[in-house]
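In what follows, chain A forms one complex with chain B and a second complex with chain C.
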Partner chain A sequence: MNRIIAIAAIWVALVALPWWLPLIGGYTALGSKVLIYAIATMGLNVLLGFTGGLSFGQAAYFGLGAYGAGMTLKYLAPSTPLAILIGTLVGGAAATLLGPLVMRRRGIYFAMITIAIGQLFYFIMVRWNEVTGGEDGLAGFSRQDIHFGPWLYRLDETNFYYLVLLGFTVAVAVMWMVLQSPLGHTFVAIRENRRRIEFLGVRVERYIWAAFAIAGFITAFAGTLNALLFNFTSPQDLHWILSGNFVIMIVLGGMRSFFGPLIGVIIFVVAQDYLSSITGNWMTFIGMIFVLIVLLFPRGVLGILARRVEVR
Partner chain B sequence: MTNKLPSVSRRTIVKAGAALGASAVFSPAILTYAQGETPIKIGMHDPFTGTYAAEGESEKRGALMALAEINAKGGMLGRKIELVTEDDAANAGLAAQKAHKLIEQDKVSLLMGAVSSATALSVNQVAHEKGMIYMVTGGHTDPVTGAQCHWTTFRICTTTYMLAAGLAETLYKKFGGKWYFITPDYAFGHTLQESYAKLLKKMGGTVLGNSLAPLGTTDFSSYLIKAEQSKPDVLINLTDGQDLVNSMKQAAQFGLTKKFAIGGGLSELEVLRALPREAKLGWWTLEWYWNQPNTPHVKEWVAAYQKIYTDGTYPSARTWFGYAGLHSLAMGVAKAKSLDAVKIARALEGLELPPEIKLQPNKVYFRPGDHQLMSSEFPGEVIQDGTYPNLFKVAEIVSGEKVALPVAETGCKLDYKS
Partner chain C sequence: MTAATMERTGQDGRPPAGKTGPLLRMDNVSRHFGTLKAVDGVTFEMHAGELRAVIGPNGAGKTTFFNLISGLLPPTGGKVIFEGEDITGQTIVERVAKGIVRTFQITEVLPDLSVFENIRIGVETALRLNARPWISRRERAAINSRVFELIDIVNLDGKANRIVGELAHGDQRVVEVAVALSANPRLLLLDEPTAGMGDHETDHMVDLIRRLHRDQGMTILFIEHDMDIVFGIAQRITVLDQGRVLAEGEPDAISADPRVRAAYLGSLE
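Up next, the complex of A and B:
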């Protein structure tokens, strides 16, 4: 019962965000950014927290989604839904195709190869100047209003936030269903004891591939929304620094819990936004927050809250 | 159970204290409305952390100088002005986010800033959507006032093309038309090399060869030997950072500096100051220099800078960008007599900077067709044994109008709504 009330409260807060966020010193685009990063990190957490695969190159699929959406709008057709669809497919397909390269590796090698693949895409975007805009980034496209037959949905700041919220809802529902299914239970079992699952005759690598692909599709979906948020994307959206930040956000929030990454994103993005306006040394504070949380709450903010509820 | 006051635990008190602290942090935003007439806010984004922090800081200093001068003369439209600065860390996504913050939360009326080109392009997009005037201070990439130009955007610093053209002409006149290139093997290097090659051919010179050096090259000897064998008049070295240090060091060891001129691209006072002695050589271009003995107002301005900033630094081109940027905005608003973006844009088109602001000899104005400021290039030679701030000898001050691409060739079509 408590759980239902908590979840209902979260959704009411999210729906009403454009009204209350400006009152406490925020702005709608910040809300959109938090939700977009939450989709990306929750997607990554299917692989990282639930299957136990440490991907350090997740930004590649985020960026591929962003470039896919941007290029669709710029070169193909002025349609927002088409841009989201193509961007998601491009990023997700890349993860699916590269999965077999990754799935055989374990531990540090898994992390290394995901970084390498991530940087591969980064350098493609930096160097393929004529198409991607190189280091300057891809600009010159803008999100288009959506037509439902005779109805028009104008994508201004607030309406775009609701589009992102809809995307967040769909992504959360999909991930929740996956993690509740036998597939999701197998993911967790692999994380807990890989060898035992192997002895049971489960083809573990195929499941890691599946987790990698699902994470890829969902992160790419977040990437498409990120490109539409500012109508701009740059190679920094594929860089390993962003991949690392994704992992930090997940660890901050708690990688064993479903909504943990959302909390981590809120802490990271809001701290970045707020502290960097006050001081040039804001990175120090982010680092300090990270160290404190890792030392005091090794299971992340939500991990510790969940445990307290259990104990009571 | 008896009726008694609810017990207050130590933990609750700590929580309440934390909440009180948090509310104190948020309150300044509410207080500003109580101070009578509200000032006009101008939002500035620049990198104050990371690789470009020194450049960002210089631009901010320049803008603050202009701010004090404008407020001393009564502000904008009779209201005081206020500068709200945000760190973009030279990250395009963060810059766009901060632009939203400045517009929606801080309610700024005008935008300015940028060191990195990508941030200039991303904020260019945001400003255009919001219909807000945006004065790009740094950020040299051509599309800002070219293929991606918008009616809302104006730019102080020169284009990449103008940088190349300003230096190329001087080198061609002084040393001759047979050039060899060492180009870093990535997109920006290629673009720069292509503009140089195009300019050289237009002037009647020839490209003897072009070596592509991967980023992070430590041994440049094979490229340098190839360059030497081709007997050029000029060796153009477009590498950057540590690669530049390594290549220049080796060029000096090979004695190449005595055989032909070595030139590069854009340099800045901040960059020259940080270079080791071995790499401090060759021909470069600055966009403004503090030592202009024959230009009126420059000496006074440098003195005014040093009165405010007593850390022994000298103003650089970046300082001037910030200074000229804010003054241009103020002049545009004064001429438009309004904060309406379209009126300000129209007022800025063709606006000429007065001598005490342009601080250089040639005519400096915003070109109406692409909103690019026609400011000068300062090609010259680095003084190897010079100590800060005497690091550069300006050979010539080339008028921006002379080296800029004609508007028709920039690819810019201003998108005013009719």
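Up next, the complex of A and C:
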């Protein structure tokens, strides 16, 4: 019951964010960015924290989603929903197709192949100059207002935030449903003791594949929103540094807890935003915060509070 | 999910072949590791409803023998036949589906999860729900009641919400048995179920094995070092030594067998 109240309170705070965030020196787009990264990291955490697959190349699917959305708007049709749909499908399909390459590997080899695949997509986007804009990134598109029959939803900064909040809510609901289902229980069991569950008759690799695909679709969805937020995307959105940052955010907040990544993202993005306006060395400070949190809260900030509740 | 699948206990729906012949037949089965003959030409039969112990000195090949039955290792020779069907080439997963379920010599649980969660994944797997990304209230209720039924069978009532990794060793092993039971075994293989347990814990496990056999008619094959347990509950005993069957028979015959006494029992007494 407490939990429901806490979630309701957070959601109300998110709905009201365009009013209160500027009062404490923020801006609405920062809220959008936090929610977008929260979608991405919570999606990744289905694989990382709940299934135990060390994906260190998740930015690939984020970036594919972003490029998919940007290129749809630029070359295909001026439709925001279509851009989101196509970007999500492109990134998710890539993860689904590459899953079999990844699913057999364990531990550090899993991490290595995911990084390698990520870097492959990074180089494709850099080299495929004419279409992707190469190193300079993909510009020349912008999110389009959404028409519902006679209704027009103008995607200004605030309204776009609400679109992102809707996406966040849907993604959270889907992930929650999955993690509460037998599929989610299977993921957690694989993380806990792969051999035991294999001996119950579970074909473990298939489920690692499923987790990889789900994480891919959700991260790609976040990527599409990111491209729409900035009306821009670049190879940095597929780079391993971003992949690493995703993992850092998750570990900061707590990889064993459902909402842990959201907390991690808030710490990371806010710190990045404020620190980078003060010092060019902001990454050092992030590193220090990271080390402190890992030392003080080995299970992440939320992991301490919610050790049990989340895996049920 | 139907009531029928929920209630499959291993006694129903047995194909006719199983009624006449043995449940399990190991036909001249070997497993060599290089020059080491861990299991060497073992022929072995077990009938449904039996409670059988496998004994033998350390390194006799008992665990390897279990690995051959459960499919963890392929044999280097011979055939594994279950209910008249040759399953030598079948995987672990296929054998579990046929009802060959095991526990391990080393405790294998999901340590960070509760007793309830450990057993629930077993129940969901037995119902083949693993791929389902949602669950209805009705299904959840049916699953939960089956989990509590298993918790009740193994006498872990009151510990459902305890984290398994924080339980006493004996209780962790009982959780393993409950998880194995969730798979509706036709043949339950227990590798040293009482290893490392105190007297009280051992009594609990022995009582559980006896009850499973008596009340549920379960076919159980267990590896055990404690001769009091072996001679106390087993109906038949198979003695392995250096990968071969040294002797096989009812407890009285085994304890009287001079070869067994010489090779094994004598050294323990």
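Simple rule for what comes next: the second predicted complex is superposed on the first by the 306 of 312 C-alpha atoms of A that agree within 3 Å, B and C clash if a C-alpha of one lies under 4 Å from a C-alpha of the other, contacts with A are read in each partner's own complex, and residues count from 1 in each chain.
In the analysis below, a residue touches a chain if its C-beta (ideal position, glycine included) is under 8 Å from a C-beta of that chain, and two chains touch if they have at least 3 such contacts.
Everything numeric here is computed off the predicted structure, so don't read it as measured data.
Set against each other, chain B and chain C touch different numbers of residues in chain A, with B touching more. Of the two partner chains placed by the overlay, only chain C lies in contact with A:182; chain B stays clear of it. By the touch criterion defined above, A:200 lies against chain C but remains apart from chain B after alignment on the C-alpha atoms of chain A. By the touch criterion defined above, A:127 reaches chain B but does not reach chain C. Contacts of A:145 after superposition on the shared chain: neither chain B nor chain C is touched. Common to the chain B-facing and chain C-facing surfaces of chain A is no residue whatsoever.
Interface residues of chain A, counted against chain C in their complex, comprise 177-178, 180-186, 188-189, 192-193, 195-203, 206-207, 210, 256, 308, 311-312. The part of chain C that touches chain A in the complex is made up of residues 70, 92-93, 96-97, 101-102, 104, 108-114, 117, 120-122, 124-127, 129-135, 163, 179, 182-183. By the touch rule above, chain B contacts chain A in their complex via residues 26, 29, 48-49, 53, 86-87, 89, 91-94, 96-97, 100-101, 104-105, 117-118, 121-122, 124-126, 129, 141, 143, 147-148, 186-188, 190-191. On the chain A side of its complex with chain B, the touching residues are 22, 24-30, 33, 126-129, 133-137, 139-140, 142, 157, 226, 229-234, 236-237, 272-273, 276-277, 280-283.
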